[in-house]
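Input: structures, listed below.
The two complexes that follow have subunit A in common; it is paired with subunit B in the first and with subunit C in the second.
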Partner chain A sequence: MNKEVIVVTAICGPHCVGPDDGMALFEKMLSILKSGNSVCLDFSSVETLTTSFLNASVGKIFGKFDYADLEARLQLINLDTVDQQSVSLVIKNAKEHFAKNQEIRQAENDIVRKAHEED
Partner chain B sequence: MVQIRIPSVSLESTISNIERLLQSLLPSYQEEQITLDFTECRFIAANGITILAGMKLVRDTKGFQTQIDMTTISESVKKVLMKWRFLDLFGQGCSLSKGTSIPIYVQREFSAKEQKLETVNYIECEIFQRSEMPQMSDILKKHIKNALLEVFGNIFYHSNSQIGGIVCGQIYPNIKQIQIIVYDAGKGLAKCVRDFDSMISSDVDAIKWALRYGTSTLSGENDSPRGLGLFILDQFINANEGEFCIYANNGVVQDRKDGQTSHTLNTAFSGTLIDMRINIKDDVKYILASEKEV
Partner chain C sequence: MVDLTPHLKAEVIDIRTLPAPKESSILVDTNIIYFFYYPRFSELQLLGEGPLGYQTKEYPRFFKKLLLLKTPLYVHPLGLCEFAKTVAIAELQILYCRINGVTKVDDRFKPKGLRYAYPSEYQRIQREIVNHLHSIKKTFKLIKSNVTIDDLLANFVIEWNNSFGEAQDAMMIADAKRENINLVLSDDGDFATFEDIKFYTANNSPIRAYQEKMASTAQQS
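Let's look at the complex of A and B:
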């Protein structure tokens, strides 16, 4: 198994702010991971990183592979403290999102809506 | 030609002020020719200016004519309108110093790298690099930039706004605070949520739903986790002890240090406006929900 490094700025530029940019990164990660290799995302020189970008790239990949497999084959480097916080939140959200099916998500929404109505 | 009398929009009692402004602007949706009359306007805050700018740009897209009766504007209000570059929208630019105002920025589209870079440059030049801006740490700068870009980017992925997005604001150097307003003239956040989930019974509840962790109105085959942008904004502003107010359709939700309040507008708001007040304080550890219990 080889490790392929993706320099994020080479695909998305220094401002990674939208799901369209995130999708481009997702496609690249997907093709490498499908080939059996591991991926190292290098965020050096990334100046702006939003959760909408991360959801469409790093978050979305959690719907395609087993979590344990990803933990072994996906590495993210050169993130500062603020970006690390965003990445952790996105991964947590992605794991929860893909662990639930549509019925559970709808049931959760119903519970919250009823709580609001009772306020 | 219909005359629209613009009321004052002061910094205090903002919601009732905004409601009065929205009521005054009702004819602007239908009338092909209007003149803005500032006789009754003694002061106008950044959120009021943003709404007026949005109204003008929406009318432009319809080919409607909007004029200002300059004879009705007091010198002090004129100065304010110039500092925010509002009069530029009417072809009356000026070289007056911006002072502590963060001038109006309009971005019609946000898909090309150049458009994103232009927005980042606006944030850098018109907010962070201003001599009026109090010193702040790089971490706080990054949080502010990310929060603003999350909210601004959402306009282009959710709102279907025909004028794109508008940003405007104010620096308060003495109290070390900045106000940033992001506006779109799209469908409105509350309507988007209620179209997604028809069981949500009010616009206020719809805004509260959108602030929750992991909620989004986008779903379908392209199944990707979403819904963290407004949640992160909420988390950041709370940690910062700042405040924000979201106006969408008939709902208003305001989040302050002393808690969340809501209000129902009698006059529907066209689109979504997010009014953020951020303290320039670095003695705070900005912990997001990834490190806390959600």
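Let's look at the complex of A and C:
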């Protein structure tokens, strides 16, 4: 098993903010992980990192593989403490999300959107 | 849906078709921060296979353009408080549903009661929100809001009385104008009712109203 390093800025540039970039990174990760190799995401020189981007990339990959397998084959480096916390939260939420049934997922989505709309 | 056309005062700019401003500073409203930095907002669409809504798709594209242009980005202290409060309420509602095995909050939902009854959960929510605020801090500057009561009366009240926006929106606009910031990025159509601002949005309601107003003005002249 080889480890392939993905330099995040090479795919998304320094500002990782939305689903377009997140999905591009997701596709790259998916291709490597499906081949049986490990992935190391290198976040050096990333200036902006949002949870919207992380959901579409790191979070989404947790819906495709066994968690233990993924945690053994996915490494993230060069994140500061704040971004590490954001990644941890997105992974925790993703695991919870994929464990829920569709009714609960939709109900929570409705709550989150209503909270914003009522604001 | 409210018809904004008779109340339009701002210049409304469709972020999907017009270029991002380069040199002017821009005030970013709470809802945009919520879309980008509250992970649950985009969870269903981005973790699933469903189609992306315009809020999840269009604002990040425009936001990235602003970042690449190095446009100075501002938030208002009230906007950050509003963000924290909205996330906390959403999280408490989700907690309430989990505890009670229901899918919708009902009349028994009392946020204050939950905060006190589940302190470790509330501390978790606080920790997560504080981390979101630290993420936001990396990208945004804060608009100064050291207003006196005289400032309030002179600036905030004018903005509030001359618009249909909520009080906190009027406060944000008053402080932004005092700092010579006249551009606002928001999904809230109320901003179209403030005078002397350029309102950047992907919300179709104010965009359509503005286009109708421009067409009507052109016909009259």
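Throughout what follows, the second predicted complex is superposed on the first by the 102 of 119 C-alpha atoms of A that agree within 3 Å, B and C clash if a C-alpha of one lies under 4 Å from a C-alpha of the other, contacts with A are read in each partner's own complex, and residues count from 1 in each chain.
Note that in this section contacts are C-beta pairs under 8 Å (C-beta built on N, C-alpha and C of every residue); 3 or more make two chains touch, one makes a residue touch a chain.
Quantities reported herein were computed from a predicted structural model and do not represent experimental measurements.
With both structures placed on the common chain, the touch criterion links A:82 to subunit B and to subunit C. The interface of subunit A with subunit B overlaps its interface with subunit C at residues 13, 15, 17-20, 47-52, 55-56, 59-60, 62-63, 82, 85-86, 89-90, 93-94, 97-98, 109-110, 112-113, 116.
Across the complex, subunit A meets subunit C through its residues 13-15, 17-22, 47-56, 59-60, 62-63, 82-83, 85-86, 89-90, 93-94, 97-98, 103-113, 115-116, 119. Contact residues on subunit C toward subunit A in their complex (touch as defined above): 30-31, 34-48, 52, 56-57, 59-61, 63-64, 67-68, 82, 86-87, 89-90, 93-94, 97, 103-105, 128, 131-132, 134-135, 138-139. Subunit A contributes residues 13, 15, 17-20, 47-52, 55-56, 59-60, 62-63, 80-82, 85-86, 88-90, 92-94, 96-98, 109-110, 112-113, 116-117 to its touches with subunit B in the complex.
Against subunit A, in their complex, subunit B makes its touches with residues 110-111, 113, 116-117, 120, 139, 142-143, 145-146, 149-150, 153-154, 156-157, 197, 199-201, 205, 208-209, 212-215, 223-229, 232, 286-291, 294.
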